[in-house]
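Some notes on the structure that comes next.
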Amino acid sequence: MNLNQQLRVTVWNENRHEKQNPAVASLYPLGIHGTIANFLNAQSDLCARAATLDEAENGLPNSVLNATDVLMWWGHLAHQEVNDEIAEKVYRRVLEGMGLVVLHSANSAKPFRKLMGTSCTARWREMGEKHRLWVVAPAHPIADGLGDYFEIPHEEMYGEYFDIPTPDSLIFISWVQGGEVFRSGCCWHRGRGKIFYFQPGHETYPIYHQEDVQRVLTNAVRWAAPPPPNTFRPMTEFLHTPLPLDPVTTG
Amino acid sequence: MNLNQQLRVTVWNENRHEKQNPAVASLYPLGIHGTIANFLNAQSDLCARAATLDEAENGLPNSVLNATDVLMWWGHLAHQEVNDEIAEKVYRRVLEGMGLVVLHSANSAKPFRKLMGTSCTARWREMGEKHRLWVVAPAHPIADGLGDYFEIPHEEMYGEYFDIPTPDSLIFISWVQGGEVFRSGCCWHRGRGKIFYFQPGHETYPIYHQEDVQRVLTNAVRWAAPPPPNTFRPMTEFLHTPLPLDPVTTG
Amino acid sequence: MNLNQQLRVTVWNENRHEKQNPAVASLYPLGIHGTIANFLNAQSDLCARAATLDEAENGLPNSVLNATDVLMWWGHLAHQEVNDEIAEKVYRRVLEGMGLVVLHSANSAKPFRKLMGTSCTARWREMGEKHRLWVVAPAHPIADGLGDYFEIPHEEMYGEYFDIPTPDSLIFISWVQGGEVFRSGCCWHRGRGKIFYFQPGHETYPIYHQEDVQRVLTNAVRWAAPPPPNTFRPMTEFLHTPLPLDPVTTG
Amino acid sequence: MNLNQQLRVTVWNENRHEKQNPAVASLYPLGIHGTIANFLNAQSDLCARAATLDEAENGLPNSVLNATDVLMWWGHLAHQEVNDEIAEKVYRRVLEGMGLVVLHSANSAKPFRKLMGTSCTARWREMGEKHRLWVVAPAHPIADGLGDYFEIPHEEMYGEYFDIPTPDSLIFISWVQGGEVFRSGCCWHRGRGKIFYFQPGHETYPIYHQEDVQRVLTNAVRWAAPPPPNTFRPMTEFLHTPLPLDPVTTG
């Protein structure tokens, strides 16, 4: 395969739990970002690199963002430390065509909330309960290769009401051991960009090492990718630009 | 209130379990249809009557169907005994504007399957498990007056994958004690008609005596009702009718 | 009717064209806001008042906003003059349950853009072309009482691509004389609030005096209204609140 | 590319206009089916063959249908001549995972109407008016490579209200010279299958020779294709199969 045809994925992580909590560092010696980038790079059509909060420009200078087809985002402790200007650039890049895959507690990340227009809040409880994710859109490419459901043995509970706009496609609904349900796999279009939110991924469990989870995220990257070429278009293109009358109807 | 402004509801029931099973007859001495019609009639804006399978024309002669704004449908044992012509009339009346509220095992009823275009099959298991219905569309009128969730103490399990078209609005998702989830409250538009499917209602449990369930069904009837007047229009109106060119664009 | 049961509507207008352009003042001697409030007040179930940009707190102090069930918004010249804090309060009030009806060029208003999460840009051209609005959701309450289409004899052109999230319900599609189409009547849910965008309403044409337009806006107010009572709930209710385990599944 | 990985497309055509009308035969010497199959076969990942109404079993014996990933369907004069059993097989095959691309007047074809659950009627007028198809979902793969709009110089008019269920994705809206609009590119999911309806294609105009139209149909075939492998599953799999209780929640 021509390397130029690979999808360029940037896996962004705030990378704080890994530094502060030995249990997390032990589960993810490469960081959550490194683990995800690694399994994506095992696919010949994907080229993934990592970026983290504490790097210059939060790891997302223009040189990186402009070379990213799909951005993954994991954050939890430090949503407010993401620079507003960087968050705005990510937001605009999605409207122009970049895919965005939002993981777990990044439901509260700045770019996601701005793209959704809602609070994105949910119930939660941390007791390591079992979650079972049921496929409710078996024909959607993000569900390719999955069975009727798959399980996360231990996970932080996220429950409804999840304050999101109605998904354009609802892929997974989670059953939670303690009595809740959750829309745990959701797709939206915003401008020319595609967005996928996926609930599993609490940092204290080895969730990103699970084969089913890796399959979902690999599918999601391919679904969210913009088509080649000429996809990225400035969102301000038509702003303040009165258009000429079409000749066919003036005669 | 002017009685002419009441919504005219017909509660249809195959009424077989009630005749065959003393436990069901004991729970529903009036039949499921009679119980539902009674609580609807407690509302001043609603006028409900019952109709059952074993009546002439399956209880739905033209005189009844043409005087029905919203039809409720409960069936289980005898879907195939519903006359095809009657099912077809119900189908067409929905496209012309009649509301349809489909209860429990009527997911396999002829008119519902024809309106959906899918098999409408689901997983099921009868062990009397607890169901908890979470509200995922709190701004929808069918959820008016409900809390974050309500429970059915004992119910037949229905689980995903539920083979339905994507609902136009998804109102409830059920958590099931045994490990399943279910899209248990779903809205669709078909032609000029509105359809609501509601999962609870196995005949061996006193589900239609629950206050929350009665509230949902009352809300659903009001939501599904056609607007006055001139709502019912023949679905064949434009068929084979070439329209004249609009004068504004010919000059 | 008990006056306490009336829906409380606030019609907000930047009210600048009316002050600056005698042609607009002549078309709308009461201002666009006054004209709209007047025809709404002709309905016994509605109680409308006006609010304008140049009033204290942009006409929307807490005392007004907290007593508003549905807010209408017309703006064009002065989107940037709306105080950020006021825009934020409107945004939050919608998530908590207030209806929002967004008119014409208010597609670029701060609260609407924040609720949508997109640029909300569109093509435009000002030549007074004819628009014809086709009803594509005849069963939706906002289309009650309309025919197959209605016309705006002269209107500023808005055309696709309209950079909005997929509407939860698409009610009207406009045909434009010069060759464009536009999704001119769109519904969304955000949190507990309902939003309707309606394209017609350029200030130099007597559009809000048209009967069909008045019918649409009257329908929209009733559709967007929150249900009584207990509807307005703080959006932060579940934030940072871990929930107890449900007893049924712990035993 | 491994030929086994090609998508298997069957282009079905009633093939009556071509036999009866010399003007149509002149535009489409290979038949509409042959023209479409030819431009699909120019793509290395696609393998298309044709099938027509007057062949044995309407050209769709099990050996063909079971080797079809995506079925295209053009019909107009002879919808009623399609054998009910064949139509039923097509319907079931879609629920099991086959893609279906429905062309022009096949909005009235038996399998499409059965999958939609509505009358699928629309306004129409045959005056060869210009149509302009606007892209309203620029991020959808069916719109890949298209500009903001493309035109059909002469086409039979189809206009709203188009009696279809709300599309899962609305891709194109047509502007019609005579004053109508039309949802001319619509996607739905039914069971495990994907369906795309595309309005252009009246037999007396060279529409399937247009490059933009060919691009849309090529995109549509790839979008509608089922994922490899294990995609086709019998729709009756869960019917009447009570499931065992999941062990995790019984202990």
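By written order: A, B, C and D. Residues from 1 in each chain.
In the analysis below, a contact is a pair of C-beta atoms (placed from the backbone, for glycine too) under 8 Å apart; a residue touches a chain by one contact, two chains touch by 3 or more.
Please read all numbers here as calculations on a predicted model, not as lab measurements.
In terms of C-beta pairs in contact, A-C outnumbers the other of B-C and A-C. At the interface between subunit C and subunit D, over half of the residue numbers appear on both sides, which makes the contact a same-residue one. Relative to subunit D, the most remote chain by averaged C-alpha coordinates is C.
One simple way to say how far apart two chains are is to compare their mean CA positions; for subunit A and subunit C this gives 31 Å. One inter-chain figure worth recording: subunit C and subunit D are separated by 38 Å, centre to centre, where each centre is the mean of the chain's CA atoms. The set of subunit A residues touching two or more other chains comprises 137-138, 159, 161, 166, 168-169, 177, 179, 189, 191, 248-249.
Contact residues of subunit B toward subunit C in the complex are 97, 130, 137-141, 144-145, 168-169, 177, 189, 191-194, 226-227, 248-249. Only residues 95, 114-119, 121-127, 157, 159, 161, 163, 165-166, 168, 177-179, 188-191, 235-239, 241-246, 248-250 of subunit B touch subunit D when the two sit together in their complex.
On subunit A, the positions that touch subunit B within their shared complex are 132, 134-138, 148-149, 159-162, 166, 169-170, 173-176, 179-181, 183, 249.
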